[in-house]
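What follows is a pair of complexes built around chain A, which joins chain B in one and chain C in the other.
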Partner chain A sequence: MSKVNWPLWEVFVRGKAGLSHKHVGSVHAADAEMAIANARDLYTRRSEGVSLWVVPASAIVASDPADKDSLFEPADDKVYRHPTFYDIPDEVGHM
Partner chain B sequence: MSQTVADPAGAPVSLEQRFQDWIDAERKIEPRDWMPDAYRRTLIRQISQHAHSEIIGMQPEGNWITRAPSLRRKVALIAKVQDEAGHGLYLYSAAETLGASRDDMVADLLTGKAKYSSIFNYATPTWADIGAIGWLVDGAAICNQVPLCRTSYGPYARAMVRVCKEESFHQRQGYEIMMVLAQGTPEQKQMAQDALNRWWFPSLLMFGPPDDQSPNSAQSMKWKIKRHSNDELRQRFVDMTVPQAEFLGLTIPDPDLKWNDERGHYDFGDLPWEEFYAVLKGHGPCNRQRMAFRNKTFSDGAWVREAAAAYAGKQKARQAAAVQAA
Partner chain C sequence: MTAAHSEDLFRYALRLGDDSLILGQRLGEWCARSPEMELDIALMNTSLDLFGRARTFLTYAGEVEGKGRDEDALAFLRDVGGFSNALLVEQPNGDYACTIARQFLFDAFDVSFMTALTQSADATLAAVAAKAVKESTYHLRFSRDWLVRLGDGTDESHDRMQAGLEEMWPFLHELFEMDAAEQRLVDAGIAVDRQALRADVMARIGDALTEATLSRPADGWQPVGGRRGDHSEHLGFLLAEMQWMQRAYPGSQW
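Moving on to the complex of A and B:
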């Protein structure tokens, strides 16, 4: 069986103007142009988007799940970053 | 395998236990999270088999695209078959997040090493079969797939959400075909009845072996890959479909089918399990034809894949040369 390893591209779709691009899945394609064409056929058959990004999957740098605690836990005890940490009397009204 | 980590109180807990606790708390597993090898293998097998089913599933209906009775039916059928290709690709994409290679999955389908749903090994001799497939086969698929939108593996669940959104159109276009035939001439109504006769039991077999003969189900339920048993989903499908057949004025070909007031469900007769296992082993009406066609299509397309790869390589080399010259 002939194997032609077309690279993998991650696909991001902007649903409509005003929204950011969101990851929806991936496609295989020989080059960027074909990746856009394939992503369009696969992920926007029902007007799901107005703009596409395709990114070579190999170009994505991800944080290591094993580092989840050291990366994200420090934010858990910083309650003073949230508005509810501060006592404002009701008389002041909505703030 | 006694790899351990600490629980919040500092006590050691195995990775397996922490994984199971996470799942029990209805949380999702994402691609790079730790998971037991068997969980990964089970998912790769299930997702790739599901993908293969969507791909092979294009054939019985593709058979009628050139002969659809009107332009309206034809555009709908083309769109449906294209959706099935899309479902296959969403699913291959989800399986790849687990480390499976697309080329290997495709190769396993082409060599017959991998299975696909037996339902697609049945023939579609009449136009009414296209109605029956949409109504019954896509209907059964919906019963199976709606709970998979909440499966524990994130990329699989997300792919299933997309699939389910599209399946509803498939079932409705099929039911509409059946409705028009059932309200047509006596010959048309008979054609619809004949299709129902042939597709009813194979559709019930789609849910897989009875619970007491489905050895891997318990583990899949524990991992929340599967959320309902085969028999439970089959019953749900029967209960939903009987009134739809009544509305059409068609008769479900099962003399033992009747409402059971006590259970609040329809009872139905024994299913043809010998047939199920025979088709699974390759002895269905169209197994050989489906595989031969898939293999032919794949080799016919080889030059396109090779040409596109060669073109991409040339463009890349040209760009690199331009950068160097500048």
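Moving on to the complex of A and C:
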């Protein structure tokens, strides 16, 4: 059977209040409403979330893998940017 | 609880369990055959919700009956005449539009029914209903959405949706049917008065049909009998597939 696939949507799930939405995968759907429904059925079957975002995959702008070295390697030797040189009190919790 | 009351409650829990079980099994026939992978999962989610309900209702029916029958005995070891589901839920899947028509009519009724059942004086029935009403709200959202998409879609999808609706419409009537046993349970504050739901349900259906640009089928033939075990020829085939393993290998587990 030959057919045109529905457009692709990227799916983001918020695990619980206070956390940010996290990319979990994608679904096919004819429109936004169906994308939410399909994402609900595909990605929250096991109580994974409390909120869903769907974004047309065509709206995602990605960095070029060929630029990997120039974009990301300069950060590799700057360990002082990581907050590893002082103690964080336990009370602070999630940073 | 008197013996007569207990018999009524057993039959009531059995009906609710059978409606869920048979519709769940019908939806399960779509597994790996749905028009889209996403719909496969959506239909199976609904099916599993219904099986979950069926298990609770049938387990409860077995307890009320007090003859040692558990959910499996009731699901797998009764013959056609012993099933008391409504005729609607045993109707064959047909095409996807036909399945959506059946599901929509069931959900449109079920949301009102389960909402009312949360007020039951029977704590078990009320607890199942409280969970079920959330599930049914989502089932309705899904089936209504597809009813509108197909109805208000292309010429072909419109025609198929209308045809599916015509096919299933006669069986809607039976969902509102009351008998003496259910009436006694209504009087005891346990069962839902199905007739009292009619206005809400028909309004919900009417709204959706309008949005879907579908015409309301004529009210002609209105078959009943499912509650008494008088089923269409389709149920036997469904049970044969559902029950054969327990029949061939009694007590088998995995």
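The rule is short, and it goes like this: the second predicted complex is superposed on the first by the 76 of 95 C-alpha atoms of A that agree within 3 Å, B and C clash if a C-alpha of one lies under 4 Å from a C-alpha of the other, contacts with A are read in each partner's own complex, and residues count from 1 in each chain.
The rule is simple: a contact is a pair of C-beta atoms (placed from the backbone, for glycine too) under 8 Å apart; a residue touches a chain by one contact, two chains touch by 3 or more.
Note that this is a predicted model, so its numbers are computed, not measured.
Once the complexes are laid over each other on chain A, chain B and chain C cannot both fit and instead clash. Counting the residues of chain A touched by each of chain B and chain C gives the higher count for B. In the superposition on chain A, A:R45 makes contact with both chain B and chain C.
Once the two complexes are overlaid on the shared chain, A:A37 sits against chain C while remaining clear of chain B. In the superposed model, A:A62 lies in contact with chain B only, and not with chain C.
When the shared chain is aligned, chain B and chain C each come close enough to touch A:H28.
Looking at the shared chain after the overlay, A:W6 reaches both chain B and chain C. After superposition on chain A, the stretch of chain B that runs into chain C among 7-15, 43-51 or 187-195 is 187-195.
Once the two complexes are overlaid on chain A, the chain A residues touched by chain B in the first and by chain C in the second are 6, 27-28, 30, 34, 41-42, 45.
Of all residues in chain C, those touching chain A in their complex are 36-38, 41-42, 45, 138, 141-142, 145, 149. Contact residues on chain A toward chain C in their complex (touch as defined above): 6, 27-30, 33-34, 37-38, 40-42, 45. Those residues of chain A that touch chain B in the complex are listed here as 1-6, 8, 25-28, 30-31, 34, 41-42, 45-46, 62, 64-65.
Note for the complex: chain B touches chain A at residues 30, 32-34, 79, 82-83, 86, 89-90, 93-94, 96, 102-103, 107, 110-111, 155, 158-159, 166, 298-299, 302, 305-306, 308-309, 311-312, 315-316.
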